[in-house]
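Order of writing sets the labels: A, B, C, D and E. Residues in every chain begin at 1.
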Amino acid sequence: MTNKSLQHMPPRFRLPKIITVAGIIVFISLFALGMTHANISFDRVFTGIANMFHFLWSAFPPDPSRISAISGAMYETFQIALVGTTFGVLLSLPIALLASRNTSPHSIIRVVTRGLVSTLRTVPDLIWALIFVISVGLGPLAGILTIIVDTIGFCARFFSERIEEIQKGPSQALESTGATKLGVISGSIIPLGFPSFVATSLFAVEKSIRSAVILGLVGAGGIGVELSTAFTVRRYDEALMIVILILVVVIAVEQISSAIRKKVI
Amino acid sequence: MNALSVREVTKTFKDGTNALEKVSFDIKTGEGVVLLGHNGSGKSTMFKCISGFETPTSGEIFINNQEITRLSDRRYRPLRKNIGMVFQNFHLIYNLSVFQNVLFGAMGQNRNFLKVSAPFASKLLREKAMACLDRVGLAHLASRRSDQLSGGQQQRVAIARMLMQDPELILADEPIASLDPKAGREVMELLWEIVDERKLTVLCILHQTEIAMEFGERLIGLNKGRLVLDDEKNNISKNDLNSLYYDGIEELSDVQ
Amino acid sequence: GEEGENAGAENGSDNNNSSSNVAAENEDNNSSNDSENNTANEENETAEADREDWPETLRFADTGVEGMEELQREFGPFKETLEDVLDIEVEFFAVTDRIIGATALEYDQVDMLLAGPSEYVQINNTVPESYPFVGIERSEYHAAFIVHEDSEYETLDDIVGTSIAMKDAGSTSGHIGPSSILIEEGYDLDNDFDIQLLDSVRIEAFKNHEVDVLATGIKDYYEMVEEDGEGHYRLLHEGPPLPNDAFVASPELPEDFVEEVQTLMLENQEDILDSILVTGENDKYIEAGFVSAEDADYDSMRRAYETLGLDFE
Amino acid sequence: MTNKSLQHMPPRFRLPKIITVAGIIVFISLFALGMTHANISFDRVFTGIANMFHFLWSAFPPDPSRISAISGAMYETFQIALVGTTFGVLLSLPIALLASRNTSPHSIIRVVTRGLVSTLRTVPDLIWALIFVISVGLGPLAGILTIIVDTIGFCARFFSERIEEIQKGPSQALESTGATKLGVISGSIIPLGFPSFVATSLFAVEKSIRSAVILGLVGAGGIGVELSTAFTVRRYDEALMIVILILVVVIAVEQISSAIRKKVI
Amino acid sequence: MNALSVREVTKTFKDGTNALEKVSFDIKTGEGVVLLGHNGSGKSTMFKCISGFETPTSGEIFINNQEITRLSDRRYRPLRKNIGMVFQNFHLIYNLSVFQNVLFGAMGQNRNFLKVSAPFASKLLREKAMACLDRVGLAHLASRRSDQLSGGQQQRVAIARMLMQDPELILADEPIASLDPKAGREVMELLWEIVDERKLTVLCILHQTEIAMEFGERLIGLNKGRLVLDDEKNNISKNDLNSLYYDGIEELSDVQ
């Protein structure tokens, strides 16, 4: 009896599929090549670390002299980032639904949407900035549009990934009542994915604030310009002040995200 | 008329498991039938095939004489509205309220989502949801998040959601497995009341043979994916039932 | 040739990028270089005793000097020519940010930097002992104010109150240059103009009439004309020539070494300039030449920085 | 009886908490302010769109003349990105475990780790590049280190968010056997989070490739330099070619991600 | 000696639900006790308090005379090793194999994770896992992903995982709810065999009163969170049992 059952014992290792082996070999060789590139040598590291501290030291203490101008820029950036991200998130949700295996109406639509989202993400910000400056002119609107595109590229991808991970049981339960696809989505996919959507969306807000540099490109000002100017004139203490200010906002956004998620997880 | 007709349905999973082998049976409208069988005999798989979540490897299934075996989702949807399911593991939307979960049972009748969402549903629907909850004894827990219920309470919510749907054909997968004896009996009574009064059709998976014998007018038995029993209650002996679980299975370890 | 191979082995991918070009162009470089190389070697031997502190490899960074961006990605020929001429191994780094270049020099992570005038001022400010030793003189290197052909602006006075697109803060021809022109003409930058630093969007913004005036390097004007044809844009004002781009030496380098390099570079300037030109469209360098450079050449830049209020600490 | 049960019917709307109301008001007012900033006017949009097509047209057809050099740079970038992201992901997992509510050994550790990860993310790439150039010199190593930091800032955050969402049932089942925290993590958190971790990690690879610009910052070459040069010399057709090449890689990485996830979801 | 001792345990959830009210009982080592009660009577909550996943609002719980009520996780861990649990909803790691899930039962004894991971576990452990699976009749499904099992099969895996743990005290929450009659009976026999032969202690939640009366030497009954029954099987009448579910509850809708 025990013998009989032992014949069913899974082997310790199963022969992996050829494609898996091939994938692993490719990964390892690329990784190894990359490592040789890195050219790691530790002889200079110690002086390097001393240098690094010297550099960091030059930024201390942070210089608060321009704090009111900086705060103003931050406030402005925050507003624009908020508007752009809100629209981006709102657009991302339907796009993600079209791009997910379990909610897409058709696999062709899915592939096309995915490709589109990847494209939005791959085309650099600079190009988007150019395109929007040309079509709507300089100013916050071009910035908002760039942020919207950025947000869709990011959020639609992550929303879709989460949607595909949602257990299918509850959705089937709704489907079995004769619910339409839209009903299943509103009744099961969205509530179950909600904690994750909140996290991703608020991360997107944060991301938009951090990448505020593009606002400068389109002549919309904001904290990005402040930061890059501080660098150009090598005012590291002022740069540090700006980074700290951004960090405060970033952490605040993260706290909001946590608080909302705690409720709905 | 046959509410449900299963013709030589075979289901082989991708890994080669034969969950169903040429199973055929008919259920007439207004009948209340119990489906029995050992663990892994293919009962839930049968239900999944009927409700279209699995496609049979071969064979056909008819609902009200319409073939549904390979119907697209879009085409199947209008029919699904009339089929109420209770799932073996409830499948509630865990982070929504009990009330909202029950309201969702009416999704088939109300294609506009707002009409079945708790804040915007009509007074009628909301009251109906409360009535359904009341029938399974959970009215007082309507506002609770559904993952803050006990196991049996969750199963009752699943039953209430099914009731909300006003189905013509009920497929209940072990609907009383987690219920206490009194509640279990009451739910069975409820289901058979529906069959008797409203001439609906119920196909119910059970493991409790006594309850099966008490309620089911007709019993269907599966063993290792094959139909081995299909008869009126009166023709079935205790032995028949025992052999359903023991026949051809020497030891527990051979159960598929 | 030996050093060239070594360097190639060390930085294999760089070779990938440029191998085809190198193969084609290096032959005549080498043949024309032979005699000079020999003399250089002789001189080196005589000074053997002093060379102990000379570096074995020269770490060279190019911070993407305006108009020489092509060198950033096709530096193979230039690097090899430099190796041939200097008879030393060269590690070349294309650094896309001048702040990083300057900081690397400050912390002795590079020995030599090719930098624009504005960058040099910045670097020199952080590393006061750094100094330029060779400048690249080019015929057309100045800032210009560009307007649309059909606009009514004729003189600098006309554009008071308009919006002017410039590049990024600290750019030589796209910010410091034009700003210093306006300052020297007596305008108040903050109140007389609406200056927008638009970096790489500036040209599209101007073409699209988002701003009235574009203040940038003259090279941009030629490019715009090349793209859209004559008759669209008009030069409103051209500034004086800007200081030269410079090869900047780290203070850590022995001075005699830098002198040696300076001599060799000036002697071999045609080869080196050719190797820069090989890579593409640096046509304005066709009339360029190496000159020895001094810190004082950049005082005008410094003044501009000061008046702009972009003073360093 | 029905009446009695109706008294339990949840109200349609519950009075939201004051803090929720405050949050919503702040959001709406910031959003409204941002919108007025945007200064949306559609009068110029039409000429703008014509201009935009003219601009886009200037990039067509993509110029494949430098394709071999570009591919080389891409290959190089890919290797470096792979190495950096791999280390980043490997470091992110333990950091995420320290930063998640349900796996952190102590709430102080959690808060500190979270803050640290936010800081890694908020400090701009340029500063990281400076720091690493100072400490290890110019070249690929500095690039790899910057990518590692970037990856941690992103992955640790997303890993942690996912870990917090994992159902607690299976973990409790392992805990009830007397398993150590590490056992619970390896036996339940990691397998259950695996599909999500794969998606996030491969997104990070993609992200590193797209942000290859930082390699240019530290003099490590790669596709970023190619792209930024193409822009400064206004060769938009060449830039388009590069974007297409990056897109191909991005989509390939996404396919790999999908394939792996399909197995383990 | 008392394997388990519950002293005036009260559990009030955050929303005010009184799941347990001053429940006290003792279970001696080597006893096999059945816990009965209507849905929502607090049985699972009792188990969660014992295993430390919920902290009682008041009262104390002792295991082998050691108080564990407010023990930190770290301090409780060594004790947990000896408490085997079967959860009401199984809690398998759904995307791992059945075999791996069972092996994880040995995590308490083997702190090194590799020692309980399928590819690296010792031959001994691997064979033991197969033996445990065999005891619940699932040896042939060892390689299957655990979410590709039928409901009853999943429950058996959960039981096998508990067996793998070699616990001294077994807390089984409706371990046979999804099992067919034969398998359910066999699992109960298995549990009571363990009690008899190895002098282990079993506390088992059941809804099937007949099986409870057949196996449990002693029965404990909860009603609305209060202990209303605690006696030897022989002293309990059918009426007592019925009143456990009916007493004080006029209608189903009043069940808490």
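The working rule: a contact is a pair of C-beta atoms (placed from the backbone, for glycine too) under 8 Å apart; a residue touches a chain by one contact, two chains touch by 3 or more.
If you want to know which protein each chain is, UniProt gives these names: A, D = Phosphonate transport system permease protein; B, E = Phosphonate transport system ATP-binding protein.
Predicted model, so just to flag it, every value in this text is computed and none were measured.
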Exercise. Hey, which pair has more contacts between C-betas, B-D or A-B?
Worked result: A-B
Exercise. If you average the CA atoms of subunit C and of subunit D, how far apart do the two points sit, in angstrom?
Worked result: 35
Exercise. If you average the CA atoms of subunit A and of subunit E, how far apart do the two points sit, in angstrom?
Worked result: 44
Seminar exercise, completed: In whole angstrom, the CA-centroid distance of subunit C from subunit E equals 77
Exercise. By residue number and range, which residues of subunit B touch two or more other chains?
Worked result: 89, 134, 139-140, 251, 253
For this session: Name the residues of subunit C that each touch 2 or more other chains.
Result: 13, 99, 103, 107, 200, 204, 208
Exercise. Going by the touch rule set out above, which residues of subunit A reach two or more other chains?
Worked result: 1, 4-5, 37, 51, 55, 126, 130, 134, 137, 195, 231, 265
Seminar exercise, completed: Chains touch one another in the pairs A-B, A-C, A-D, A-E, B-D, B-E, C-D, D-E
Seminar exercise, completed: The residues of subunit A that touch subunit C in their complex are 37, 51, 54-55, 126, 129-130, 133-134, 137-138, 216-219, 225, 228-229, 231-235
Problem set entry | subunit B contact footprint on subunit A (complex, rising order) | 1, 4-5, 169-170, 172-183, 186-188, 191-192, 194-195, 264-265
Exercise. Touching subunit B in the complex: which residues of subunit D?
Worked result: 1-2, 4-6, 8-10, 12-13
For this session: Could you pull out which subunit E residues touch subunit D in their complex?
Result: 51, 53, 73, 77-85, 87, 89, 91-96, 104-109, 111, 113, 116-117, 158, 161, 165, 251, 253
Seminar exercise, completed: Seen from subunit E, its contact residues with subunit B in the complex are 13, 15, 37-41, 43-45, 88-89, 134, 136-140, 144, 148-153, 156, 173-174, 177-184, 186, 207-209, 245-246, 251-256
